[in-house]
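In what follows, a structure is listed as structure tokens, so that the remarks can point back to it.
Labels run A, B, C and D following the written order; every chain starts at residue 1.
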Amino acid sequence: MDQIAGIINLDHEQDLLDELTYFRCGAAVPFAGRYRMIDFTISNMTNSRIESVAVFARRKYRSLMDHLEQGKAWDLDRKRGGLFILPPDWNDPTDISRGDLQHFHNNIDFLRRTLAEYILVSGSQHICNINFQDVLKEHKDVNADVTVIYKKVDELYPEHQMAHKLDIDEENRVTSVNNDHTNTNVYMDMYLIKKDYLYELVEECIAHGCSHFFLDGIKAKIPNLHVHAYEYEGVHALVNSVESYYRASAKLLDVDERDELFRDEAPILTKVKNEAPAKYAASSNVNNTLVANGCIIEGHVEDSILFRGVKVGEGAVIKNSIIMQRCEIESNAVLENVILDKDCSISESRTLIGAPEKPFVLPKRKTM
Amino acid sequence: MKNKECVAMLLAGGQGTRLKSLTKKIAKPAVYFGGKYRIIDFPLSNCTNSRIDTVGVLTQYEPLVLNDYIGIGAPWDLDRKYGGVSVLPPFMQAEGGGWYEGTANAIYRNLEFLKQYDPEHVLILSGDHIYKMDYSDMLDYHESTGADATISVLEVPWEDASRFGIMNTEENGRIDEFDEKPEFPKSNLASMGVYIFRWDVLKQYLMDDAEKEDSSHDFGKDIIPALLKDDKKLMAYTFDGYWKDVGTVDSLWEANMDLLQPKPELNLNDHTWRIYSKNPNQPPQYIAPSATVRNALINEGCRIYGTIDTSVIFYGVHVDESSVVKDSVVMPDVKIGKNVKINRAIIAKGSVIEDGAVIGDPDPDSEITLVAEEGSVMASSYAANS
Amino acid sequence: MKNKECVAMLLAGGQGTRLKSLTKKIAKPAVYFGGKYRIIDFPLSNCTNSRIDTVGVLTQYEPLVLNDYIGIGAPWDLDRKYGGVSVLPPFMQAEGGGWYEGTANAIYRNLEFLKQYDPEHVLILSGDHIYKMDYSDMLDYHESTGADATISVLEVPWEDASRFGIMNTEENGRIDEFDEKPEFPKSNLASMGVYIFRWDVLKQYLMDDAEKEDSSHDFGKDIIPALLKDDKKLMAYTFDGYWKDVGTVDSLWEANMDLLQPKPELNLNDHTWRIYSKNPNQPPQYIAPSATVRNALINEGCRIYGTIDTSVIFYGVHVDESSVVKDSVVMPDVKIGKNVKINRAIIAKGSVIEDGAVIGDPDPDSEITLVAEEGSVMASSYAANS
Amino acid sequence: MDQIAGIINLDHEQDLLDELTYFRCGAAVPFAGRYRMIDFTISNMTNSRIESVAVFARRKYRSLMDHLEQGKAWDLDRKRGGLFILPPDWNDPTDISRGDLQHFHNNIDFLRRTLAEYILVSGSQHICNINFQDVLKEHKDVNADVTVIYKKVDELYPEHQMAHKLDIDEENRVTSVNNDHTNTNVYMDMYLIKKDYLYELVEECIAHGCSHFFLDGIKAKIPNLHVHAYEYEGVHALVNSVESYYRASAKLLDVDERDELFRDEAPILTKVKNEAPAKYAASSNVNNTLVANGCIIEGHVEDSILFRGVKVGEGAVIKNSIIMQRCEIESNAVLENVILDKDCSISESRTLIGAPEKPFVLPKRKTM
């Protein structure tokens, strides 16, 4: 089996999740009751037998470092390979690289040391369950220079407008990368490339003063390269705004979506917290809800997601809401269309109601 | 290398036959408890929370599951460079070998292991009990009294005292007599099977005991009496808190039900004394619109479409529509079909309960029904005790 | 859980009596080699370098040192969440238990362990040999030929062939006959004791073999002949590289001396194929102004004030002024006084050689002198073979 | 036993080791053949049963992160406690703290979470082997508010001029912290303080706009506090310049110094490299030298330190030099009074000679 190494490039990802990204980058945002966004990318990589993963971090990466713990949860705290979080801390005055090329240039040791022949570069905003070995197989079958991964979406939502789209010919070659608002071939910010070729393109980009490897190094060269499009056909969500986050979360209440995302043979792993099983009191009433461990529920919860360690008091009512770690909802409080970040407290009988299309978001550690 | 202040030896070789089919393929300490845990999680978490970082686990009977579960000790933070958890099965030496012949013999056969760490004290634990205990408090007491050995005791109701090993003590806590299951108990201080010995004393008595042909090589029957006979200083350390021997199907069921109290005596949500366990990596549990859940502990990976009432549900359990699980314990990965009725039962790991099956007896005086591991129950059958 | 492509089973239960006092207290795979290593470091490092991340180590004789040494497998990067290294001693089951009775029996008794991973292939290794080998190349060969079993062989000089298990092969590498120590060898391809089996084939033959009362339950004597008899496809995989059985004091000494060649066949400095071992955390070695060191391997923590000539020195060894160590192997933590002469000797761990002692015989035809573990040699004594 | 947590505060440490600190902070500089400077502080902490250690990093901490690997070598990659490398990545616009108070303020969670009652704060420049439990015992015996640690040096060298000195009364109370160039009581940049009291002082410092916790929060309060001086009597070196680095290295060739620093019962641990034993060829000639594993020596070496994996060709001569990891000295080259950083190559017959009082320093990866 050919080896692949992974790069998770957060350099150009914008932190547009309002209150949820005030103090953390998008990759570190909690998602699906017990995970962080980046867990999906890392788990997809390890499930595809990728054993070396570099994370190019630029801003607000402290909570990411805390969460990743050198890759422990993915068995990536290793002697050979493993997970490397690479914040920008370079001090070479002769360095002329710019943008994400700074990362590629200053972390070239990661590429040098890995034995892998191929590199899979990914962002953190596309939630999916994908096997990159399948991508490699197709990449080799068609003898591509670069293989980019896309999802053909059924319906275009606002979040898709911020993504690049692909025009593809009948041989699945990419003919253009664009922002056509009617194109449903959403580029998933993932591409596979031979390591030696990546080197070459990186050096060329730096020599030409480029600042965005994908746009300047790959997109700009489409006429001259064989850029192959790999269609990912599984469950997919793009999370790059509060609204898309809320929509993607709601989809998780669908059993088929969930079954496709969380699979025994390709599990999504995350940091272990050692919480007790969730406890439901005699007074509790829970419907159509995802509940993580450590919750203690005495009230009413429906169409919602409760992260680990949430307490819901007697008579409290929670609907269409996402309640993150360790929030405490006191008795008779009412929450509807709300996203609470970690460690929020809602006092007795308090009511917070957001709009279904624009949830009310409370930042970390807020008491109301 | 530095020596260790206190090394723990955890006796985990018991077969636990009174747990019936639950221990057919696994040793008793590996039996499931509390929706998420195995029994051995409690002593191991107690060790790590008490800052005891060196634990020998003495195995004998069906150690594969236990070995695999303990692994490198990472869940309990016992994957240490020096110390940590070591699984200690019987082994062969130049002069021969054989199975462990009693609790004292098991420790005796691992004196070399203890000598590596040359500890000041040795803590002896068993893998049969559910409790949260700070062994470092007991160690402080042991050190401050200058005892040769300290035995942890708890007050049991007088009427139950004759079922336990009873410590008769002087006013200052010094033990002057040990009564194994006395017909007429003089005290209600029952031994919890938790001992701290001074290492030099333990070593000497284990070596002496090994020479005695008539000895059963047991701590309670041989070592403690020998110490008392020699007038060694044995102190009783009184523990007060939740403690339960889960050695039978009924007591295992009861201990699970205890967790469903509004404020259970055994608090699993105390972040200052976490009970660690190996994580099965499952997504959050899903409670469907058709579900009714009340008075329950439910773990990750479950999907509940039916009714859960006063029950403990382990990870990966599916309960389909119109089924009712009441006063029961459902172990990992059990699949329960539609229109199933379960009352007062323990359903062992991986069982499949088909549509319409009826299990258990709602009569509060009835025995607890046990469905064996990976059992399959059809609609027509009524699970007997297995 | 995902299944594993290939799981390795490392037979490490041997007592290694021909290594005399070196294996009095430790199993043979735990014997020291090369200034830093134990024999078992080689197969374990080969596994991790070959990306085989699941290894069962079958122990039986004196497993304490080996257990402690292997620990959680961290030095070899085998401290994995799923897989990694597992020490597998004999254990007791509901239907009884007992010691391993042969190499095949040892694997048979751990079929449950293998079933957990449900691998496609099983790699059988022994802990007796020094060599660097990429098992994944052998696995590729095994898979590409579609063999039921593949046996690694190496060409030995024809005159030595009758000391080995010899594989007679067809032109395409298929084995048609296995000769155990043949008087008149038909081939010089000797088995290295490294086998890859298809898991389903191995399982079947081990179960069949367990039923046979007259079987010695050995891979070479029973399993391989049974496969050949049934016309199963057995392929020979030719290894070419350094390989040495270090089963005797002389061969262990020789293998150490081999490392002192200007360009040794076994390169320990190859960063693409590191030999991992547990680190003793010692400061750098110090070579004093009075020292003369030539043609030597020396490990950290040593202090050399005397002369080291054509010798291998393990960690923590002190050699005082005016002493000469020549053509010898000095194992960890040995203290050598002043004016000591050592020739053609192996000094076992922790020995103390007092001032003026003379050890060994410089005659190149003499036997290698062995000073036993933690031995003490006075000036007046001349160490005999122990 | 009372618990202590450790803070290694690199915030005010200047990187004055010329070429050796171009790309790494002082704490990450290789020392003593197989260690980095910070290994001594961390090992002292773990040998004193400190189980939680925070590293306040500010600049050039990338190689430090690589080296520390979340504390693996010290068994500090733990669930409870462990090692935390804390680079500056804070994004709270309301944060008014300055200087190293930024670190104390933004990492207050470290203090909150630890169960330890006492905090030991240390820098990384004082090489020693000290037991902080002894310090705590004295701290409690005299009932001090703060205990600062000092070394009474026999002789004052230039490096000591950059350190603070202590004036001490007959009861070992500190009466002043100063820069008196004749004072031999060298403050070792280490102090012990009760956690709750540290909190209090940190808050007060922030409220008053201070930027240096030790100077503004402790030194300035000496008249009002009981600041006790603990005398450390063991082996000691202060490394804050190339010259002091060179001098401290030379001292390691003395057996007594080495025995006091590297003790079996209080070992100095470092990242494991899996190098083979050092190999001495028949042509080698080595005298009064420390040699790490992985070296292959065919030439002449005296009064020097060779780090891991150094190759010395036939006929090469090395004197009074420090050769860091993986340098290659080709045959007949001559090096005297030289410090080579990692991965340097010296070609055949090349000669480099520095002055005994000012060694010639070659930066990383240089070929000459």
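Keep in mind that, in the parts below, contacts are C-beta pairs under 8 Å (C-beta built on N, C-alpha and C of every residue); 3 or more make two chains touch, one makes a residue touch a chain.
These numbers were taken from a predicted model, which means no experiment stands behind them.
With A-C and A-B as the two chain pairs, more C-beta contacts join A-B.
Chain centres here are means of the Cα atoms, and by that rule the chain farthest away from chain A is C. Chain A and chain C have CA centres that are 46 Å apart.
Chain A and chain B have Cα centroids separated by 40 Å.
Among the residues of chain C, those touching two or more other chains are numbered 81, 276. Residues of chain A in contact with two or more other chains: none.
Residues 34-36, 75, 262, 268-269, 274-277, 279, 281-289, 291-300, 303, 308, 312-313 of chain C touch chain D in their complex. Across the complex, chain A meets chain B through its residues 32-34, 253, 255, 258, 261-262, 267-270, 272, 274-294, 296, 302, 305-306.
Contact residues of chain C toward chain B in the complex are 15, 24, 59-64, 67-68, 71-74, 79, 81, 84, 86-87, 89-94, 97, 99, 112-113, 116. Residues 47, 75, 78-80, 264-265 of chain A touch chain C in their complex. Chain B contributes residues 1-2, 48, 77, 80-82, 276 to its touches with chain D in the complex.
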